[in-house]
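Each structure below is given as structure tokens.
After this come two complexes, each holding chain A, first together with chain B and then together with chain C.
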Partner chain A sequence: MSSKRVSNMPPPPKPPTTLASTLIIAEHASLTGTHLIALGANTAIHPRTKLISTFASITVGSNCIISERSIIGLQSEPENDVEREGLVLEDSVVVETGAVVEARLVGTGTTIEVGARIGKGAVVGKHCKIGPLSEIGEGEEIPDFTVIFGNGMRRIDRSGVENQKLKTIARQVEVLRKLIPSNLAKFQ
Partner chain B sequence: MASFTPYTYFQCPCTDTNLPTRRLGESRPPSSSSETEQEDDRTFDPRAPRANFSLYPLEHLLYCEDCHQIRCPRCVLDEIVTWYCPNCLFEVPSGVIKSEGNRCTRSCFQCPICIAPLSVSSIGAPPEGLGAEYVQPSGPYVLNCAYCMWSSKEIGIQFEKPNGIYAQLSKVKNGGTPIITPKERRKDREERSRDSSVPVVMEEGISEEGEEFVNLDVHEELDAESQFANLKAFYQSQLAEASPASALGFTGGDYGYGSPGALSRIMGLYTGGNFADKRSKSKTGTMREAQDALEGLQLCNTTSDEETITRLRNEGYENTASVAQLKEQTHPAHKHSVDDLRPIAYLLRTKRSQRCKTCRHILSKPESKVQTTRFRIRLVAPSYIPSISIRPLASSQNHLLTPFKPTQFLLTFKNPLFDRVKVSIATPGTTPGRFESRVTVLCPQFEVGANTDAWEEALREGAEREKRRTKAEASEGQLQAEAGKVWERGRNWVSVVVEVVPTSLKADVLMKEEDRGPVREDEDVVEIPVFVRVEWEAEGQGDDTVVGRGEKEVKEKRELAYWCVLGVGRIAQV
Partner chain C sequence: MTSKRATKGEYIETDTGNKVSRRSQIIGTTNIILGGKTVIQAEVIIRGDLLRAHQNGAEKQGTPVAVAIGRWFSHYPLKIADHVFIGPSSVIEAALIGSHVSIGANCTIGKFAIIKDYVKVLDGTVVPPNMVVPSFSIVAGRPGRVVGEIAEGEIEGMDLREVYRGIGNG
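Our next item is the complex of A and B:
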């Protein structure tokens, strides 16, 4: 570890945060930007997750899981007032590894799978599933219960098991609580 | 268009009635390409429409050790070794295939929407309280797609047990109404025929019949399977009646409809003359057609078509099954909507062994166990025939061949055999086709070393190794091929140079008037037919006789000759 080059630059200013006391946030997660980042109760933030609030605020609900190497937050200047309002992930949203979320709103119980990209200003409904590597364009609106899979195929999920899924996510968070050493103090 | 990968295809001799081996077996110097042309009006033309069917990459070919010949997928016989399910890797006995069909009859299903594998999951309320996580989940169960989140609940199907889904699914229609199984139908049919004193329904008896049987509706809408079962049963009973069993137990001698003789009679219907006529006359009027749903008759009603159309209108594109989805279904003709789709039972796969068509020896035989990927026998051509690879001698940025500019290509022959081989190659002076490029092989005859141990070569003295490299003599940078000499030589490979003078693709170079016209697809590719003859001395195959004589090594002379096609490059269209 000693051979690691230490940057002479002063560390970037910490963004203002509102963190719930039951939040699980790994030490190596990165929170940058100038706008407010609000993270809800029982949410798990994996190491190497990037939350960027440079252009707009980020609000994450409770029971969310945000996996490593995913990027949450706008990466360019917002083009209209609606986008400027900030990014909201509702409760029980799962963002998997490497996903990029710039959406305006992601509804409850939605899963954004590995490597998927959600364009700027998009609105994803509740209980959706955005399949691996799928892309959602800027400003697109995805209705509730949509499943996007394969090469951009879409369908509406009518299986009605969303409550069970929410329970599964809650259980998963409980496991992550044991696995991820949380360092809340670093980000406050 | 910019990139072109040179290719080599080998011709399987099975398409040739008179084998080139015999014809060219004599001592004909393959170097004289002009002679080839004169003597040989049968130069293999890779552009002939039929050539497509006999050219294969070397990796697709097998080699019969007994016939000493190349074998392509068209001249081998396939035999099924095992049937297995690709999902559960369960080996299915062939007897079961005959009775149950070629799909997995356990619990392996594919999603009808996205063809991902389905898994069984419980949708019952999970038990609560202490130790709840140790309790096995209880039913009802559904098939669930983890990829597109489809579940069999959407088509109204749930299961009581988590195993044996195939059997459970075959009893329910989409929506949950039970299917009357063929067995039940048969029972019902038998009962009916017992009840009515008349064995088979008479003409006017339909209405009476309908009242007598409570179980089945005469105007029932049948699905494809049960309709087939009904029709089959009906016609079988008709056949049995039409040709009553004789005293000996045979059905009506040779004349019954069900007899094997019936087929030959049908075949001779137009050519055979009297015999067929006489018989068919005596049989007229004894058979009738199916009359109701119980016998498999389904009236086509126009209202159902209209219903389908209105359904398509109301539900829209989202709920209409795509062609790809319908293709996977067993009876796609009656299905239109996504709700009509059923889980797809996995199609079984096979492991096959291959036999030579001429001598029936096995060329390839996989291990019969499903889990192993090994082969017991595998006589593939690449381990018998020298492979040929092509590469331009002077590497240039431009991938296209310039017309009239001589271009040299390096052909590398790699010997897979453990004996030294003598290779002779011959090409026609010009490539066949409308645009004739001139081809010259600079070294048509050479010897390729045996495929010995790679280390043996490395451990040899350096001096000897250096001698092998004739290329070293050429001055640096100056790449010049010398006629009659091998370009480069290695342990079991030899490179020779082929010079190609591409022709122009302009129509005015064409001599004949009728040839003129625009360049057709792939006509700009220079394809060189090459006749390769390989000679080597192998150890005797007839082991018994050799041992009997007490001789240690009897060398047997072998030779193999075949046509290849080398695709070297595209000609630039100026």
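Our next item is the complex of A and C:
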């Protein structure tokens, strides 16, 4: 076994991208597929994140944080026109380590925690919190302010601290801007 | 026995006995200190680049545990003590993991959790953020709860010397 592994396969096609100039994207992030990937302003993409636009486009809003080893994008052929329209993460969405998001729409301020899976075509409302290792089925619709925790237990959290949470995420992005060397040119 | 340089195996062995898999991904190496005889297996990601951003004056650089959370967002150092085993696909965001802790597969240890010595975390456990797990407890479930205690006789099995010897010598 050699330590330098050279792949004989041609490199995967670079997807068309629309990247905001204030985007923070680590060099080791991976953007693959054929549809458009649009990433908004002040969004942080950690290393080893996979964004796959093979089956539908991906739109990520501003102030989002997408952590390492998470996978964003459909992983199989869309079954209806709604799914074909693509995947949208609104603003200030936090996707933590190892989460898999195939949703149609994830609302503003929603946090998807470690290892959670959002099924194909699902719609997650605004300011939700999807707890660690939770699963949301295909096409499911989660109303705003839902917290999913434990073994699929749900409650509505209207504590009214959304604005503070959004500010925290904005600060977090500012910290990440200093810590993660961004390599915008590689993905353009 | 062959010299360390000649072996082109799965693991790279350092002078202090750390065994690091070639297939692991370690980011920000300057901020990671391995204590010696540490094994980092394949597919492991260690983030050293996410360091503490807001150092306040009273706090000494390199303090292993930061307990003060200000209203500013910040990362914090993670300390893993001796004889700690972490299973595959587990994500650790804890502040401190004590000695002789065994964490199973597919676990999530939440932010700022503190796990004391001689603790067993069973497979698939989600330890919530800020939880403090006392010594000699068994934790399981989602969210994680203390479900049992480790009897005195069971402590011997939590020593990882044999496991360390068995790795990378094949």
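The criterion applied here is as follows: the second predicted complex is superposed on the first by the 185 of 188 C-alpha atoms of A that agree within 3 Å, B and C clash if a C-alpha of one lies under 4 Å from a C-alpha of the other, contacts with A are read in each partner's own complex, and residues count from 1 in each chain.
Here is the rule we go by: a residue touches a chain if its C-beta (ideal position, glycine included) is under 8 Å from a C-beta of that chain, and two chains touch if they have at least 3 such contacts.
Since this is a predicted model, take the numbers as computed values, not measurements.
Superposition model on chain A: chain B and chain C are shown accommodated side by side without a clash. In the superposed model, A:40 lies in contact with neither chain B nor chain C. After overlaying the two complexes on the shared chain, residue contacts for A:48 are found with chain C alone; chain B is out of touch. Rounded to the nearest 10, the angle at the Cα centre of chain A between the centres of chain B and chain C is 40 degrees. Once the two complexes are overlaid on the shared chain, A:158 sits against chain B while remaining clear of chain C.
Shared-chain residue A:147: touches chain B; no touch with chain C.
Once chain A of one complex is fitted onto chain A of the other, the partner contacts of A:131 extend to both chain B and chain C. By the touch criterion defined above, A:97 lies against chain C but remains apart from chain B after alignment on the C-alpha atoms of chain A.
In the superposed model, A:179 makes contact with chain C only, not with chain B.
One of chain B and chain C touches more residues of chain A, and that partner is C. In the superposed pair of complexes, A:109 makes contact with neither chain B nor chain C. Taking every C-alpha of chain B against every C-alpha of chain C after the fit on chain A, the minimum distance is 6 Å. Residues 131, 149-150 of chain A lie at the contact with chain B in one complex and at the contact with chain C in the other. Chain C contributes residues 8, 22, 25, 27, 45, 47, 49-51, 53, 72-75, 89, 91, 93, 106, 108, 110, 124, 126, 142-143 to its touches with chain A in the complex. Of all residues in chain A, only 1-3, 28, 47-48, 68-69, 97-98, 113-115, 131-133, 149-151, 168, 171-172, 175-176, 178-180 touch chain C in the complex they form. Remark: chain B residues 113-114, 123, 126, 142, 144, 147-151, 153-154, 318 touch chain A in the complex.
Listed in rising order, the residues of chain A touching chain B in the complex are 129, 131, 147, 149-150, 153, 155-161, 164, 167.
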